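Below you'll find the structures, each written out as structure tokens.
Two complexes are shown next, each including subunit A; its partner changes from subunit B in the first to subunit C in the second.
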Partner chain A sequence: MKRWWIWMIAGLLPLQALALSGEEVMKKSQAAFLYPGKDFKARVVMKLINKDGQERVRELTMLRKNVGEPGGEQKYFMYFFQPADVKDMTFMTYKYPAKDDDRWMFIPAINMVKRIAAQDRRSSFVGSDFTYEDVSGRDIEDDTHAVEREEKIGSRDCIVVKSTPKGTDADFGYKLTWVDKANFLPIKEEQYDKKGTRYKLFTADEVADIQSIPTVVKRNMKNLQSGHRTEVAYLKTAYNLGIEDSLFSERFLRQPPRKWVD
Partner chain B sequence: MSRCATVCAVVLLAPLAARAEVTFSGFLQQNTAVNTVAANPDGRHYKWLEERAQLKLDATDGAWRLLAKGDLAYDHLGRHDKSELREGYVDYTAGNWDMRVGRQVITWGLGDLVFVNDVFPKDYEALFAGRPLEYLKRGVDAVKLGAYPEFANFELVLSPDFRESRMPDANRFHLYDPMPAVTNRETIGPGQGDAGLRIYRDVTGYDTALYLYRGFQRAPSMRPDSMTAPTKKISYFYPQLSVYGASVSGRAGDGVMSLEAAYYDSRQDRSGKDFAVPNSQTRLLAGYQIQPAEDLSLGLQYYAEAMSDYGAYLVTLPTGFPVDKRWSHTVTARLTHFFLHQTLRLSVYASYNASNGDHFVNPELRYSFTDKVWGAVGANFFGGKPSGQFGQLSHDDNVYVQVRYEF
Partner chain C sequence: MSFSLVEFSIRRPKTVLLLAGLMTLLFLTQFPRIRTDTNPKHMLPDTSDVRVWNDEVDKTFALYEDTIVVGVENDAGVLNRETLGRIARITDGILALPGVASRDVTSFTTITNVTADAGTLKVGPLMPAAPKTDAEVEALRTALFGNTLFVNRVISKDGKTTAIYVPLEKGANGAEIADKIRDIVAKEKGPERYYVAGDPVARDTFGAEMFKLMAMFSPIAGMIMFAAIQYMFRNLALSAAMMGVSMVAIVWSIGLLIGAGFPVHIMSSMAPVFLMAIATDSIHIFNEFYFRYKERGDKLAAIRETMTAVSRPVRYTALATAAGFAVLLFMNIIPVQVFGGLIAFGTVVLRLLSFSFIPAVLTFVREDRIASAAGSESVEGDRTARALGRLGAFGAARPRMTVAVALALVAVSVWGTSKIHVNNNLVAWFKASSEIRVADTAMNQALGGTSLGYLVVQSKESEFMKRPEAMRWIEGLQRHLETLPEVGKTFSVADYVKRINRVLHDDDPKYDAVPETKDTVGQYLFLFSMSAKPSDLDNVVDPVFGKANIWVQMKTWDAEAMRQVIAAAERYQKANPLPVTVKPAGIAYFNLVWNDEVLGDLLRGFSLALVVVFAILALDFRSLKWALVAYAPLLFTILFIYGVVGFAGKDFDMPLSVMSTLSLGMAVDFAIHFVSRLRQRLAETGDADLPGALAWTAARPGKGIMRNAVLFAAAFSVMMFAPLTPYVVVGAFIVSMMLLSALLTMLLIPALVMLGRRWLFA
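So, the complex of A and B:
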């Protein structure tokens, strides 16, 4: 009779197990968004649009290969088609958790492979509103993550997670991420500056099943202060192509294989 | 001869191109550089004034690829023969080896406008006359073989016909000349080819490479027919040279460090007793590149050259010729800053030689008006010792404009 509280606790246990912590949600989200498949390929078309509606186009093939488990090391290879003055340029990143990336660039004009300083991951990727971190991920351990609430976006049930940088050197105050409960993809993200003003807005505008893997194929990042935004479409998306390790080398930076960069 | 071979190869491979995936691209360009200090030796006020078109053909079929890049230019300063095959080669790529045959640009080493192991020909005139960076390098007519076994990567470059660096034209630039009165001059090419080998691999996260070269100095040396007056004739020639070098680069602190060294074995005069042949030399380079802020990068270099047989050099140097120091120390800095979503780029390169005061400064502002049209304005400022690489050009300061439409 006095054991009623035991039953009550026992009754709560499954709920406890189901309710993920903010960190767990973000880990699952990172795995779903940036790590699915053993490898991945997409033709990426980025439109940089200023507040007057003028467009610049950046077009590249992006190849990614996971070295280990989700959250672990990855290799990226990018080949640029557009704009014309960077055509044939290639770019390679070895991304490590909790450590600066290694980056190389091939400059076709002088036929030179150059190792480049691992820029701040928060700096702009090819002049777009996306940062390197937005493209290839931010270390989960860099922030504390707390589940704020649950909310619907359209028909999607989302968990809203607030992520606050642990260090003081970050350039933003915090961010809110709406993570789809069904597939753990980030559907929306708001970044706030240190004064608490919302200044960047990410939206996943189209999610498609590619080889049964839910994939964000259209996304948008808007700078709310400047009005500048970047629309990104992933075309020719595919997973588990068997990209060889050897692709991520100086040899192929200089001579990107046609079968991978079309 | 090898140029002809390249053209023949292009023609023979045309049927291949017919069923391949083919792309055409190119550009139209205007390039003007105007003097700011003095007129050219020929009295003109422009260092460069031309319109240029480039057409590039790129065809791929399986393991084969054909690339041809040809330029046609109209020069307003009276030069003829302005058509040029910039690059024209055929690639064959197999599993762990590949081959490139034809005219190709090859760049070795890690330096930024400082060349330790990059033994391939440059176009210094292009660099000093405000032309786009890609014209700094000249292609070589060569066979390049790549082999990629597990333990290292090998790149062997065999060139049947030596190609020299292009020096600034004496009609356009004020070049130092120790014997200006002698007008009878001839240039004698080596009449043979040269060979280079680069071996590279990753060693615990660092990019390392070894370099070997056997060929000739790319810059000519001059030999008077007689050292006792009257000298009637000066012959330019390319002394025999071998280079043994190494490089390493990798992450250090927040930036990227690069180290490079090479020994220039002046085979034609190992004792250093022939004043007309450059002394054997050691070249050392240390570079560091960081990204202090978003869209901003800073590269610093220290570069040293040391003569091997300085005593012999001093003894045999004819009177009246400028005396170089045994050691030459140079520091360089490059700052690059992007603005407006990386459509506007400011870059400044500066080089200073502490041993002879030689300096070179090149600021440039480049803007992409659209995705197809860009323009750049910049300047080249030179100064230092009258016989120095940059000092002799102190009357050749210029400002330049480049505008290009790409298609």
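So, the complex of A and C:
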């Protein structure tokens, strides 16, 4: 009876938080954020905005097909519309868990498909503030994950997970992710550098139900040190279109079928 | 006006001293609020054109104002596993330092490399981790020397030196970070040598050293002056009075400066020494007092007579000095204005004290002490006075020859002056053996250079820089700049485009060129941006490709080097017209503007002071003719010294130009004393014996002048032992200037007076 207050506090805590470890939260989050549906298509408009508000636009169609279960292999196909001089450029990625991606790029001006080494997943994606990892995910096993606390963001109840890289090769010290308890989408993420200063801030600014799958359709990544940020909007989003496996080939990299890229 | 103040001070000496003490305490209360600013860069305000423009360029191209360059040198070559391991560790250590812009540090482990390996394009860090096998080392060697972007930037041609470029966040202190980097490299044991160089290190170290030197030098100069006065007058009270006067003036001036909310800047940090120098003018009072006391034997009467005799010259020398510095108030650069105002105020305080504090102290001097010390003070009985008298007599007896010799020297000096080279080089302010200079020299020998400037190529049209003709134009400009001996390395967006073209075509050297179409350029750069660090492209082109930034590394911090880069760019632009403008930027450009602005301001101030001082002379003597005569020694001294500066090939830099203003304020004092006292003497004794009066003036007030000059020179001679070259030069400059102008006053004025006798006394 003396310990009645412990039981009271325990009773107040939401059950789910007690039930899930940090790693489980991040796994669920990865599945909800990067793996929903069998395949996925979106017209992506990226605005790269510098400190002074100067904008550059990247516009592309992104196609994704899951090969296996969430956390497993994926194939990405991207067709660029903007900037004008890169129109018709295409980019393809085979993403493997625990292994370097395979990447290819088609350069129309010299009519050449080139394989591109993916030695650095932390490098910028098309000059934006998103890294390849931010776009297509980081292996859950690369970090240790711990539930820090629970916190509300707006009206959303979130679990805050701290992820710390196991190895020393990562360019960040740790990151905090606010995962929505309702749909497991990351609502906010803060990346801290090795000096422990917060330097990158991700926010999911709009979540919409697409074919009843909660999808982040507006997101923002800001580099707090340089003041540079990238706004991303997903338009014409659709799931489970039945994208053929053959699309992800050099042949279609050179001549992508209209129906998929428009 | 001053008469009553002197009387009051003699009657109520204690009150006067008490008042002075109280006032001093009042100003002292401001001292705890002292703020210092050791950054010479702040001589130009945030709003100055060059700083606004440089900030804009930094923003457009995501650049940093300041970069430290860390050199690693190994005589056996840096490309071995041990050294590379150290470089990786050191880079990691630097990345963790606060104040370092870690994301843009350039080192083997962070610099982006573009290569093709078995048909795969690789864009990523050159050396993600230290190589573990010799084969990896060899691969790194091939990568380094196969890429023109690296040679002379991160690797020397002989492979013995590499550099880590460490950009600093705004407001970080270069000297402090340099110290931390030195700690990091000190942990590594091995055959490597490490160098920490770059403008922020030199600048912040210089600023800090300057303060330290001033804090150390001012008291030493004070003590030397104290000892010299003690030797001259053999009376502790007098020596203490003299020092007291300068201390009081320093405390009041600096107190006012702090109280008014100004930071003590490197220029104002020189104020104590300047004020101490100006305070030596009081020596004329003591000098005359000793002569008068010897003649009268009555202390109070001697004080009164002394003050009457010297009041006019002392007042006018103060006016001339104060005015000489006050003109700086009308200059453009704020620290120059503050400095001018500060010294002008201090000079006024000094003179106020000359007519109150000093007579008050004189009343306390024990008569028996003066009597013994003043015993030898007579024109006849004193060897120095006799020698000076003979000097004046010589000038008076051989006026034509004296003036002719002087004019010949002036002609030679004018020629020498024409050889003067205006230049500023912050790193050269350190001695050749100093750590900073050694590091800079070594780095500049091995690599492209530690001094960084930019040339911003601007078009009105966005996307213009993607055009092949623009790319080729930029490339051509780079090759043109690289023909200058001072330019060690340049790089631009064209280098990336060429590199990608070559790599995509199986490293075929034929493709080491700008491609034919704009789309190709655009697609290459897009491809590059898919994997490179964002800053790689940001540093060389603006987001809309309307502007390109060419990095120019120079092997010297001479302001002149950047001037030549700008001139070369202009020539190239003329020979190869393209609808773009080229504007310089960067720290090397800032140093050039700083050099021109600060020096220009000081020189303008100096010229204006020359005019003002002449006007004051004319006012004092109520005669343009006498003003001209008194002006001659001053003008000649300045010409002689600048002539020597010109012949010696010494750059005319900031420290020298500051000293010019001081020289003016001081050298004119001698002439004022001489001419005033000469005319007083003539009024007392009649015009009959002009040569006699000249000899007397040279001997008696002349001794005061000589004492003043020696005192001054003695104090400043300490500077010649300072570790920073500007102090050495300034010390030598002041010593020779004081002695020369004293000598010229005693020799040249008598000659001119004799020559212009009819004209002057008409």
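Just a few scattered comments:
In this section, the second predicted complex is superposed on the first by the 243 of 262 C-alpha atoms of A that agree within 3 Å, B and C clash if a C-alpha of one lies under 4 Å from a C-alpha of the other, contacts with A are read in each partner's own complex, and residues count from 1 in each chain.
Simple rule for what comes next: a contact is a pair of C-beta atoms (placed from the backbone, for glycine too) under 8 Å apart; a residue touches a chain by one contact, two chains touch by 3 or more.
Since this is a predicted model, take the numbers as computed values, not measurements.
With both complexes brought onto subunit A, simultaneous placement of subunit B and subunit C is prevented by a clash.
By the touch criterion defined above, A:K195 reaches subunit C but does not reach subunit B. In the superposed model, A:A32 lies in contact with neither subunit B nor subunit C. Legend: residue contacts after superposition of the two complexes on their common chain; A:D100 is shown touching subunit B, with no touch to subunit C. Contacts of A:K51 after superposition on the shared chain: subunit C is touched, whereas subunit B is not.
Of the two partner chains, neither subunit B nor subunit C is touched by A:V261.
Look at A:R251: by the touch rule set out above, it reaches subunit B but stays clear of subunit C.
Of the two partner chains placed by superposition, subunit B and subunit C are both touched by A:I116. It is stretch 295-303 of subunit B, out of 97-105, 187-195, 295-303 or 313-321, that runs into subunit C when the two complexes are superposed.
Shared interface residues of subunit A, touching subunit B in one complex and subunit C in the other, are 48, 50, 56, 83-85, 109-110, 112, 114-117, 119-120, 123-124, 126-127, 228.
Listing the residues of subunit C that touch subunit A in their complex gives 59, 62, 95-96, 98, 101-103, 117, 119-125, 128-129, 463, 466, 504, 515, 517-524, 526-527, 529-534, 537, 542-544. For subunit B in complex with subunit A, the residues that touch the partner chain are 21, 25, 27, 60, 65, 91, 93, 98, 104-107, 110, 132-134, 136-137, 146, 148, 153, 200, 205, 207, 249-251, 254-256, 258, 289-291, 293-295, 297, 338, 341-343, 368, 370-372, 374, 404, 406-407. Subunit A meets subunit C in the complex at residues 48, 50-52, 54-56, 80, 83-86, 89, 91, 105, 107-110, 112, 114-117, 119-120, 123-127, 129, 169, 193-195, 199, 225-226, 228. If you check the complex, the residues on subunit A that touch subunit B are 48, 50, 56-57, 82-85, 87, 100, 102, 109-112, 114-120, 122-124, 126-128, 228, 246, 249-251, 255, 257-258.
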